[in-house]
C-alpha cells in the first residue's frame, strides 16, 4: 500500500516538476520579448523613455537575471504562492486573477464531469443488452462524442440563446447586477451557467454511456456472470455485480479523460465567454502574458493531478484487486 | 423572478427599491452599457497609464485642460478657461474657478504644475516634454505659466488636451514606481463620474451630481451609470448589442453594414459606407534598410500594385475607406496638397506598377512571372501581421495576391504578436502593417511617427521602416514649431513634407481604419450621426478619444422613453 | 476518444476463425457498413470535390452572405466565399489531420505500448511514468502554449503536435494487450527460432492484435480531428488553406451566429461530427465483428 | 552433454521488485545424448523455469548451465542444437498465421540459402518423421489441426535443425489419452536417434514410460533423483512416495501414502547436498540415517 | 433413479450449420451414484453438462427429455429452468478460478446469492461445509484475489453444493491440476456424495484413470453419442466397445516402459459433428469395423448396468 502510493506520489511529483518546468521554459525560449511588446503598447514615443521603461520592466519581471537564476527564483516564489504579476491585467497579481476565475471553472467542470459520468454510466448500463434502448442510446452517444465541443456549444448558444432567446450567451452573470448574496443573483448566475454546463455535460455524456455499455456487456459475458446464471441468480443481481465491476475501468477512464475535459471546458468557456480559466488562458495567449499563462497552466496541472490522485485513492478503495496487487505479485 | 434584468425595470419612474449608492441591479433606463475599449480586466485607474487604464479613467474621472474638436480643429476650454502665448516661448493658462476634486478639495494651478512636473520622472510617458519645456509655475491659484526652451507649438497643443490632470494632494509623495505601476484604486478626479465598482469583466461608473461642468459648461452627461464591458470577442459584443444588452459598441464588428441595413435597431455614424468616422491610417511599413525596399522606384511600384479597393470592399465590406496617398486622415483634408498628390500620388494600377519595375531594372529573368532584383537575385518578400488579427490577415493575403500580379513575390506570414513586435523594433522584417497613430490635433503627430530620427537600435514606436532622411526630419521639426493657428504656415511645410513622402514613399498609406462605433437606440437616443442635425461628435469611449468629443457625446444622449 | 478504454485483453483465440467469420459479419453489420459508407463518401468528397469544383476555397466572391441556393449549395460567407467549396477543401484537410495526427499518435502509442509491454521490467516502469506524465499534463494547454509561441501554423505541424500528445491512452491499451500476448508460447517459440525483439513485436505480436490496433487507430484518427478542430477554433489552426475547424472559427469570429448565417457554421460542425461519428460507429461495428461477445445474438 | 550446476533462479516480485521468490534453488543434473531425463514435480515446483533457463528464455540467477562444456549463450547458434516444445500446442502457434509458418521461421533464420523446393522436401521429410501426412497438415491454420498434430509439428520443426537436446515441457498434458501416447512414442524414437530429451511432467506414469533417469523437484529443489527404475522401484523420499500414490491408476484405486513431514528440505528452505542412497540414486531426506535431523 | 436422460439431442447453431454435439443420448444416474463421463475432446461432454443446467445462446434443445427425481426438467426453457438451478441441479465449472466476482467478499457474495434465490443463509451450515473441505472460516471475509487457485476451487465447490442439490455436475475441474491436487479435489468431491450433500454427480473428464478412482459408473462418449456405459470396474477390466478398449490401451501405467511395452494410440480422428457420417461414428477408426457398421448400432444392455453401442459387442 505504502509502496503503491509512494510510487504514485513519485509519478505525480515528477509530472508536476516536468509540467512546471516545461511551462516555465516554453515562453522563455520562444521568439519575442514580452517587455518590448509591453513597452510598445505604452506608446512611449520618446526613445529614451521607452528604453528606461524597458529596463524598468525587465527588472521588475526579473528577466535581467541569468536564466538559471530565473528558474530558481520561479520555484522559490512559487512556493510562496507568488505566481508573479500579470502583463495583460498589469499590475494585478496572477494569483488574484486566477482566484477570481477558478470558482466559475469549478462550478462548470465539477458538475459537468460528475453528472455526465454518473448519468452516462447509468444510461450505458441500462441500455446494455436491451435491444431497443441500446439502439437509441448508441447512436445518440456516438453523435454526442463525435461533436466538437465548440460546435455543440455554438449550436446551443444559437438555438437556445440567439434564436429562442431563452438563455444569455455571454458572461458569468448579467452586466446589470453585481455579485451579492441574494436569491436573484443566484438565479442570474444559474441562468448564465446553464448553457455552458449543458454543452460540457452533453459532450461528455455519450462517451461514458458507450464505454459503460461495452464494459457491461463484457462483464455480463464473464465467467462469474455465467456461474451466477448457472446457479439461477436473477438478472438483477448479475447486472448489479457487472455494473460494479464495469464501473471500475470507468473510474480509470475518468482519470484519463480529465485532461480532455479541461480542454473541452476551455473552448466552451470561450464560446460563451464565461469568465473561467479557459477564457483566461486564451487571453493570456492573445496578450502574450506568460506569467498568467504559467499560473493558469500550473493551476490546471495541479487540478488534474489532484483529481487523478483522488481517483487513484478511490480506485484502491473500491477495487480489491489493486490492493492485493500492491501487497506483492504473488496471489 | 425574471433573472434577465435587460427587460426588467424598464418602466420609467420605477423608484428602484435598491440603495442607489450600492445597487445590486442597475436600472436599465439610467445605465449606459458600452464596450470596445477594454481588452483586459480593468486593472488600474491610473491616469498616467494612458495605454491601459480602465475605460473612462481619463474623460470620466480625470480631465484635461482642454478638449479638441476635430470638426473645427480648435481647442475647447475645459479645466482651463483660456490659454494663450504671451510671447514666443511662454504660454499662460487661466484655470476655471470653482472646480473641485471629487473629494471636495479645490482644483488649483498647483495641480497642473504638479502633473506637468510628474513628467520629470523618466518612466512617465510624457517625460520628453521636459526636453523642450523649461519650467512650469503657478502664478496664482488660477494661473499657470509655462516657459519653453524650444516652442513646439503643435506638440504643446497635443499635451494641452491629452494630459489628464491629477490631484497634487493625493499624488504627492508617490514614488516613481507607484506613479507608473500603481493601480490608483478609487481615483479622485475632477470629472463627471466617480468609480463605483469593477470586476474582471466590467467597470461601473456613477455620475457625480456636483460636477462643475453642469454650471460652467451647461453640460450634463445623461446616463447615471456607465458600465464598460470588457471585450472578450467581437462576436460576443455583437450578440450583446443585438440582445439590447449593450448601447454603444466600439468594437470592430464584421458585418456591421448588415446590422445597419437590416432591421436590428443598430446604427452607425454614417448610414452608408464607410459607416464609421475615420480614426487612424493603416500603413504598409517597408523596411527601407533592406533590398529592394531601399529603392524608391521599387516602393512606388509596390504601392501601385496594391488593390486597396479589394481590401476595403472584400475584407471590410466597405467599413473602411481607402486612404489618401498622403496618409492624412479626412479630418485633415485641408492639409493635403492636391497638386502634390496628383503629381506624385499613386493608385492601384498593375500596368503602371509593371512599368515602374521594368524602368527601374526589375525584370523577370527566369520567366516565373516574378521579377528579380537588379543583380538577378530572387525577390522574396515577407509581409507580416500578428496572428489572430483576422481582418489584417485577410488584408495581407489580398496584398500578396495583387502584388504577385504585378510580378512581386510577397508572402503573407502571421507571427505571434510578441515575435512581431520583436522583429519590428529590431528592423528584422520586410513589410508589415501598422496603424498605431490616431487622429490628433495636428498632422505633425503623423509625420513624427513616419519619419522620426535618429534611428535607434530598437525602434519601439515610430519609424519602424528605419527610413533615414535628415532633410525630411528637419521639415517635420519645423512643422512642430509653426504656431497652431498659422494654418497657412502649416500647409506650406506639410506640402513640402508630402512631396518628399510621395516621391520617396518609404511608408505606404493603405486605408483609414474606422472609429468603430455601433449604437443601439433602444435605451438611449440622439447618438452622433452624419444625418440631419444629430450631434457630430465622436461616438466613442476609446482611450484618448474622450477629449476628442467622446465625452460630449454622452452629454447629448437622451433617454429613449418608449 | 472514448469507447476504447482499457478493455480487458481480447480473447485472441483463433483469430483466424474470427477472420474468416469477420467478412461474413462485416458485410452484415449495419453499423460497420453505414459508418464506412459515410466515411468513404466524405473522404471521396474531400478528395475529389476540390478537383471537380476547382477554385480556391478562400477566394472572395461577389455575393456575400447568401443563403444556400442552386448556385451556392451551402451559401456564402461574409466575404462571398462559397461555403461548399470551403467545405470540401476543409474535409480534405480534416482527413489529412486525422490521418497524420492519428498515424503519428498510433505509431508512438504502438512503439511505447509494445516496448513497455514486451520488455517489461525497468523499461516498462520508465515508459509507464513517461506515459503518465504526458497523460496528466493537460495536452491542449501545452499545445496552446507551444503553438502560440512557435507560431508554426501548418496542417503538418498541427498534426505533429496532436500526434505527439494524444498517444498515451493508446500506449496503455496496447501495453496491456501486449502484456497478455507476450506470455503466449508462440513468442517464446519465435525466440527459439532466432527472432529478435523487433521481429517478434512486428511479426508475432502486432499481427495478432491487428484488429485492435486498427480500432485504436480509428479512435486516434477521430480524436485528432476533434483536437484539431478545437485548436483551429481558438485560433491555433493552420494559417494557410482551410479546414472545417477554421471554417467554424471564421464563422464564429465574423459573428455568423449573431448575423443568422447558420449555413456558415452548421456544415463544418456537421462535417466533423459526421466524419468522427461515422468512424466511431464503424469502430463499434468492427468491434462487434472481431469480438463475438459484443455481437447481438 | 547438458549440465546444470547449482542452478538457481530468483524472481523479483511485487512492485519495484521489492520481494524475491526462489523458484529454483541449487539444482544440478545432466542430460546425456540419447537419454530421456524426466523432470517431475507438482505445479509451481520450478519445472518450467528450469526448462526456460536451459532454453535461455529467462536468465539464470546463480550456477551454470553448460552444453558440451560451453556455457549456454542463447542465440541462433545455440538454438540450432537446443530446442523446446511447450505444454499448450495451441498457444505455440500464432493463430493468425498458417501452422507451417513455424517451419518458415526456421528457414529464414537458419537456411536462408536453401531453395523453396529443397526446403519443401526437407519439411515433408520431417513431417513424415513425426508420422504425419504432409498433405493433411501443411497449409492449414492452427485451429484446423488437432492438438496432437500441432504438438508433432513442433517436434518436426525442431528436427529440421541439427538438434542435440529437446526440452519437452508438459507436452502431453493438454492432449487426449490416445494422442498423448503417440507423442510419447515419438519422443522415445528421438531418443533412439541419439537426442537428449528433458521431459517435464507432473505425471509420474508418463515419466517412467520414457525416461532413463528421473529428477523429482519440490519447491524448486531436487528431492530425489536417479535412474528411473530405482527412483520408482524404491522411492526413498516420502514426497516421491506421495506423488506416486497420487497418480490415478486404472486397475488400482488410490493408495494412501504417508504425509510428508515438516523437514526443511521438504519445505525447500534448507540447501544441502543430495545423499547417494544407492548407486545412481540420490535423495535429500530426513528419513535417511545420514540426515542431520 | 435420480436422473434419467432419454434421447437427448442438443445442437449448436453455427454459421455453417448445426453442430450435432449431442445426438440422441440416453442414460440414467442413480441415487448416490457418481457417473464418470469420459471421452475424447469434442465428443460432447461439456455440452451434456451444460444442457442439464444452463444452455448458452447457441445451444438448441432439439429433442429428448431429462427427468430429475421423476420430474421433467424444461431444459430448453431458460426461465422455467431457473427453479431447478442451484436447488436441484448445480455445477462446479471448469473455470472455478474466475467464477467468483472479484470485487465482492466471498461471504457477502454467498449471502447475496442465497438471498436472491430466496434462501436464508445458514451460517453454521456454511462454516461446516468450509470445514469439510478444509478451508478456514476467514475466507468468507476475503476477496477471491486473496485466495490461491486451489482455495478458490474449493470455495466454488462449497458454494455450488450449499443447497444440497440432487445433481451436481463437475466439468473437467481437475484437468489443469497436478496429480496431488487432483487427488485432493477428487477426494473432496467423493466426500460430498458420501456425506449426502449431493444425491448424484456427473464427473466429466477426459482422463479415464482419474474417473476410475471416484466414479461408480463410467460412461464413454464418442462423437456426440454414447459408446459404452458400465460400472467403473467392469468398464476398465472388461471393456466391450472397441473404442473403450483402445482408449484404455493407450493409457500408460506407472512402471510401464517404452522399452518394454510400446503402447499405441488410436489412429485417425473423430468425425466432424457438423455432418456426422451415418452408421457407427467410430467406424473409420475401428479395427473391427465391418459392413453392418454402416447402420447405426443401438445401445444394448449387454450385462446388468452395462450398455454398449456396438454391433460387435
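For clarity, chains are labelled A, B, C, D and E in written order, and residue numbers in each chain start from 1.
We adopt the following convention: contacts are C-beta pairs under 8 Å (C-beta built on N, C-alpha and C of every residue); 3 or more make two chains touch, one makes a residue touch a chain.
Owing to the predicted nature of the structure, the values given are computational and were not obtained by experimental measurement.
The minimum number of touch steps separating subunit B from subunit D is 2.
Following the contact convention of this document, A, D is the list of chains adjacent to both subunit C and subunit E. Here the CA centre of subunit A is 56 Å from the CA centre of subunit E.
If you average the CA atoms of subunit A and of subunit C, the two centres end up 22 Å from each other. Taking the mean of the C-alpha atoms as each chain's centre, subunit B and subunit E sit 94 Å apart. Multi-chain contact residues, meaning those touching two or more other chains, do not occur anywhere in subunit E.
Multi-chain contact residues of subunit A (touching two or more other chains): 30-32, 162, 270, 286, 325.
Among the residues of subunit B, those in touch with two or more other chains are 233, 239, 242, 388, 415-416, 418-419.
Interface residues of subunit D, counted against subunit C in their complex, comprise 16, 52, 55, 57, 74-76, 79, 83-84, 86-88, 91-97, 102, 105-106, 108-110, 141-143, 154. Of all residues in subunit E, those touching subunit A in their complex are 53-54, 81-87, 90-91, 93, 95, 98-104, 112-113, 116-117, 143, 145-148, 156, 159-160. Considering their complex, residues 233-235, 238-239, 242, 253-255, 258-259, 310, 314-315, 317, 387-388, 390, 393-394, 397, 413-416, 418-419 of subunit B touch subunit C. Within the complex formed with subunit A, the subunit B residues making contact are 1, 3-6, 23-26, 28, 31, 33, 39-41, 43-44, 49-52, 122-125, 127-128, 131, 180-183, 197, 199-202, 204, 227, 229, 232-233, 236, 239-240, 242-243, 245, 388, 415-422, 424-425, 436, 448-449, 452, 456, 458-462.
Every residue of subunit D that touches subunit E in the complex is listed here, in rising order: 41-43, 146-148, 176-182, 184-185, 188, 202-206, 208-210, 228, 232, 242-251, 253-254.
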